[in-house]
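The structures come next, written out as structure tokens.
Here come two complexes built around chain A, the first alongside chain B, the second alongside chain C.
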Partner chain A sequence: MTKTALSVLTVLATIVVIWYLAVAPMNIRVALDQAARAGAEIEPPSAVERRNVPILTLMSNNRDHIAAGYDLDRPRLPTPMQVGEELWKTTGAMVLKGRTWSKRSLIYHGWITLQSTFWGFLLGTTIGIVGAIAIVQSRVIEMSVMPWAIISQAIPIVALAPMIIVLSSQVGIEGRGFPKALISSYLCFFPVLVGMVKGLRSPTAEQLDLLKTYSASGVQRFLKLRMPASLPYLFTSLKIGIAAALVGAIIGELPTGAISGLGARILIGDQFGTPLAIWAALFAAAILAGVLVTLLDRTQHVLLRRMGMRS
Partner chain B sequence: MNWLIFALAFWLAAWAANVTMARSKWSDTALVRYAVPIIFGMTLLVAWEALVHSFNVSAAILPAPSAVADTFANSTGLLWVDFKQTVLKGALSGYFIGAGAAFVMAVLIDRSPFLTRGLLPIGNFVAALPIVGIAPILVSWFGFDWQSKAAVVVVMVFFPVLVNTVQGLRETDAMLRDLMKTYAAGYFKTLWKLRIPAAMPFIFNGLKVGATLALIGAIVAEYFGSPTRGMGFRISTGVGSLSIDLVWAEIAVAALAGTMFYGVVAWIEKKVTFWHPSQRG
Partner chain C sequence: MSTETIVKAENLSLTFQTNDGPVHALKDVSLDINKGDFVSFIGPSGCGKTTFLRCMADLEEPTGGSITVNGVSAREARKSRAYGYVFQHAGLYPWRTIGRNVRLPLEIMGYTKEDQDARIKRVLELVELDGFEKKFPWQLSGGMQQRASIARALAFDADILLMDEPFGALDEIVRDHLNEQLLKLWAKTQKTIAFVTHSIPEAVYLSTKIVVMSPRPGRISDVIENPLPVDRPLDIRDTQAFLDVAHRVREGLRAGHSYD
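So, the complex of A and B:
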């Protein structure tokens, strides 16, 4: 355990170091442009000439201005420090000022995205479980639905996303909550379906035979053997499903001009040219994904232990 | 009204046909295994067509499948240009670069157990993140043309392939590796003859996940800026100008391209990992 933690920390530290090193070459042009506008002497002096000079030459000719690249308002690549500051400014600092639900707070936007994720997850999980039960029970359904379930994942949902939003607004559904949940359930149902089919079929022939000697009915066999046996599979796929649902909710916000939600922050950050906002929203999404998966992981641990299964 | 009755009759007939076929003694033949899902898919299309006609849904909201097919046939030239831009240039080149880089990286990392232990959890975590969100950043770094789309695809494909390959390379047990040692096989020979073939089922898992992600990445990146061609560009402008039938034709192309892409990867997998229990069925 400690060995793993040590390796993970080392790899993380390496990534941060590489990130810091990359900031200088990524930002040197922006930094030089800014310094030139402020009247500093830059080699070569005009922006047009600088465009054709390789980055390394620029850096060695203007060593004094490299440091400026680490403190830009609109960097091409912000430092981890800047991203952290921006994250704090839009979450913790907002809470301290009592403006948790302000439109500038990532907690507010995260909550919006979390709601769509939650409804999409609920819908997708329901479809996945019901579909898996139907597939396990009926060979016709398996033969007709299973190939389409696989094909549905090969269809890029982003292409469909704008249509889903147009359609649902025409049908008279207010707001973006529903279409976003629909998109997110589209990505979420598949891992649950596949995992549940596997889980419901996991009881061995001996176990099924044993229940037959108890003269158990089909329903009893399902409730007392297949359902409990599928739980470990269910939780493994729920963890994949919730991550997919979050991806879906964010995709649902990207192409559609949404104004609230983490995806909308990314969109707006792009339109207004504020890279720091994009990076902060990205990291907020990553943290959200981590928290959701960890929550499910803990639930799985506790539940399976209570049911007497190892986990 | 006639349409609804027709759709209902079609549905009942199709369902009866499927039930008969699935229960017949030919239910395991290739013909039935293809026919049943195709009939099911046709039922959905007929239901869609019937709904549009019987409720007089405006073409600006939901065009009928026949109208979409018409548009598809009439604008193949335009669709081909978009297909080339998004799929061939953006998605495929990004897919090959990303999968290739991930494979090389995995083989390198695999030499150090320390790195493997550290990278697997991080890779697994990153693979679950909404990476599509970096699309606007990469578009601003690499410009509007296909290079930025390929870059998004590279990042999206990289982590699933990396994690699966690293896991696959650890699949061979000590017994097999000892056997290779008794054959006096060196590191590279063992890698080439034993460990990479043994890792193939895992690598293909990653490649299949990547195949579905590649198109998503290429299309999303176009929403953040592209030259005046490409599937994402056409979809976003089509929604704005209410040429919804063209949007659906574009969606059909995306669906076909995605399914074919996935199918080709799955077909290669079948050829490469013919020895694996899951392929012998």
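So, the complex of A and C:
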């Protein structure tokens, strides 16, 4: 137990150290520009000249100003500490101030994204499971549906997202909720479909023959064998699916002119040149994905344990 | 012993079409199995012993000849649930407890809840697994799992038991014990049993009739009526009579091989 904790912490520490070390070269130009404007002596003094000087040379020539790169308002690469502070300012601190649902709170934006994720996940898993059942039941459906499912994943969702928005407003659907859920389900259904097809086909020839000796019906074969056999596969797919649904929801917020949601925060942060907001939103999304996958993982564990399976 | 014929195969043939040309899994196999018989099928891999069992069970379709089970076609016999089948691997569903695994055929065949419970209790006692009803398959040894799968095949009222190398994957000691139990079970239940095996002592110890088969094409090379008494303690295997039968089986197997 302590050994696992130790290796996890080692990896984490390594990432943080590399991150901190990278901040200096990434931010040196911005730091020198600021120092020059404030009247400090920089080598070389003109911003135009500095553009052609390699980063490492700049750093060795202006050692006194390296430290400034760790405390910029608009850094190219913020420090982990800065990201943490920004995250706290937009979440915990807002809660303490009683402004949890303010437009500046990441909890508010996260909630918006979570809702789309949820509906997208629900829609995507339904399509995935129903599709898988149809594919396993009929060879014709497999041959006519499976290629489209695969092709669908080869189309970049970023290209498709604006069209989904336009088309859904054409057919009179108000608001961004539905198109966002649709975009989210587009990414989510595929892993569920593939996993469920595999799961429904996982029974061995012997297990299927056994039911044949009982002259069981097709429905019985499905309910008593294929369904329960597919459960471990289903959960593995659901874990991938929910992460994909979250990515889909965020992408759905990017090109749509949305002003709420983590995706909108990332886009707005980019447009207004506030990298800290982008990084905080990114981390919020990552934390959200982690929580969702962990929840599913625990459900899987409890359910399969109850079903007598050891996985 | 009654002489009612339960299984009747006449010139049964089964040819699989493969990329390397046709494979004659069975060729012109004719055999009668009488009510209450314990028939063993023995022979090297590819001799068609499992295929023959699967034809009886309507899990394979013969390409020639005919086979009847209980006087009707194998398909009708399967539809009327005339037999219980025990596979090489116990094939218990891992998400079901032992009790619920035995319940599976009863659920499918629509027995009432009370009847299901009574039957599960009875057959688990029969295979000496009472008390293991709530255990999951992985919590049981290989031998116990195979006993549970036998209980599952006995749970509904089929007079025929088809067993495909059920003890093949078990070690010698467990196998001896299960063989002894199976004979007791057979005496108690009066079933007709068809039993596929690789083991000469197992075939001689268990059967009333031993069918020796040989490969390419799969056919019967000898049918031996076992002269050993019905009551068989394990140490009967050290008697001269037992060794004589085993010798005849071995001769039959050797004769089959000389065709190659």
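What we mean here is this: the second predicted complex is superposed on the first by the 305 of 311 C-alpha atoms of A that agree within 3 Å, B and C clash if a C-alpha of one lies under 4 Å from a C-alpha of the other, contacts with A are read in each partner's own complex, and residues count from 1 in each chain.
Keep this in mind: a residue touches a chain if its C-beta (ideal position, glycine included) is under 8 Å from a C-beta of that chain, and two chains touch if they have at least 3 such contacts.
Predicted model only: the values in this text are computed from it and were never measured.
Visitor: Is A:K3 in contact with chain B, with chain C, with both, or with neither (first, second, both, neither)?
Guide: In the superposition, A:K3 contacts chain B only.
Visitor: Look at A:P25 in the shared chain and tell me whether it touches chain B only, chain C only, both, or neither; answer first, second, both or neither.
Guide: A:P25 sits against neither chain B nor chain C.
Visitor: Decide which partner touches more residues of chain A, taking chain B and chain C as the two options.
Guide: On the superposition, B touches more of the residues of chain A.
Visitor: Contact-wise, after the overlay, does A:P80 reach chain B, chain C, both or neither (first, second, both, neither)?
Guide: So A:P80 meets neither chain B nor chain C here.
Visitor: Which partner chains sit in contact with A:P44 here, chain B, chain C, both or neither? Use first/second/both/neither.
Guide: Touch partners of A:P44: none, neither chain B nor chain C.
Visitor: Of the partners chain B and chain C, which touch A:L231 in the superposed model: first, second, both, neither?
Guide: second
Visitor: In the superposed arrangement, does A:D209 touch chain B (first), chain C (second), both or neither?
Guide: second
Visitor: Which of the two partners, first being chain B and second being chain C, lies in contact with A:L167: first, second, both, or neither?
Guide: A:L167: touches chain B, not chain C.
Visitor: From the superposed pair, tell me which chain A residues show up as contacts to chain B and also as contacts to chain C.
Guide: Looking at chain A, the two contact sets are disjoint.
Visitor: Where on chain C is chain A touching in the complex?
Guide: Result: residues 57-59, 78-79, 81, 83-85, 87-89, 91, 93-97, 104-105, 107-109, 136-138 of chain C touch chain A.
Visitor: Taking the touch rule as given, give the residues of chain B at its contact with chain A in the complex, in rising order.
Guide: Residues 15, 18-19, 22-23, 27, 32-33, 36-37, 39-41, 61-62, 114-119, 121-122, 125, 128-130, 132-137, 139-141, 211-212, 215-216, 219-220, 223-224, 231-232, 235-236, 239, 244, 247-248, 250-251, 254-255, 258-259, 261-263.
Visitor: Taking the touch rule as given, give the residues of chain A at its contact with chain B in the complex, in rising order.
Guide: Residues 3-4, 6-12, 76, 139-140, 143-148, 150-151, 153-160, 162-163, 166-167, 170, 240, 243, 246-247, 250-251, 254-255, 262-263, 266-267, 269-270, 275, 278-279, 281-282, 285-286, 289-290, 293 of chain A touch chain B in their complex.
Visitor: Provide the residue numbers of chain A that touch chain C in the complex, in ascending order.
Guide: 204, 206-207, 209-216, 220, 224-225, 228-229, 231, 307-310
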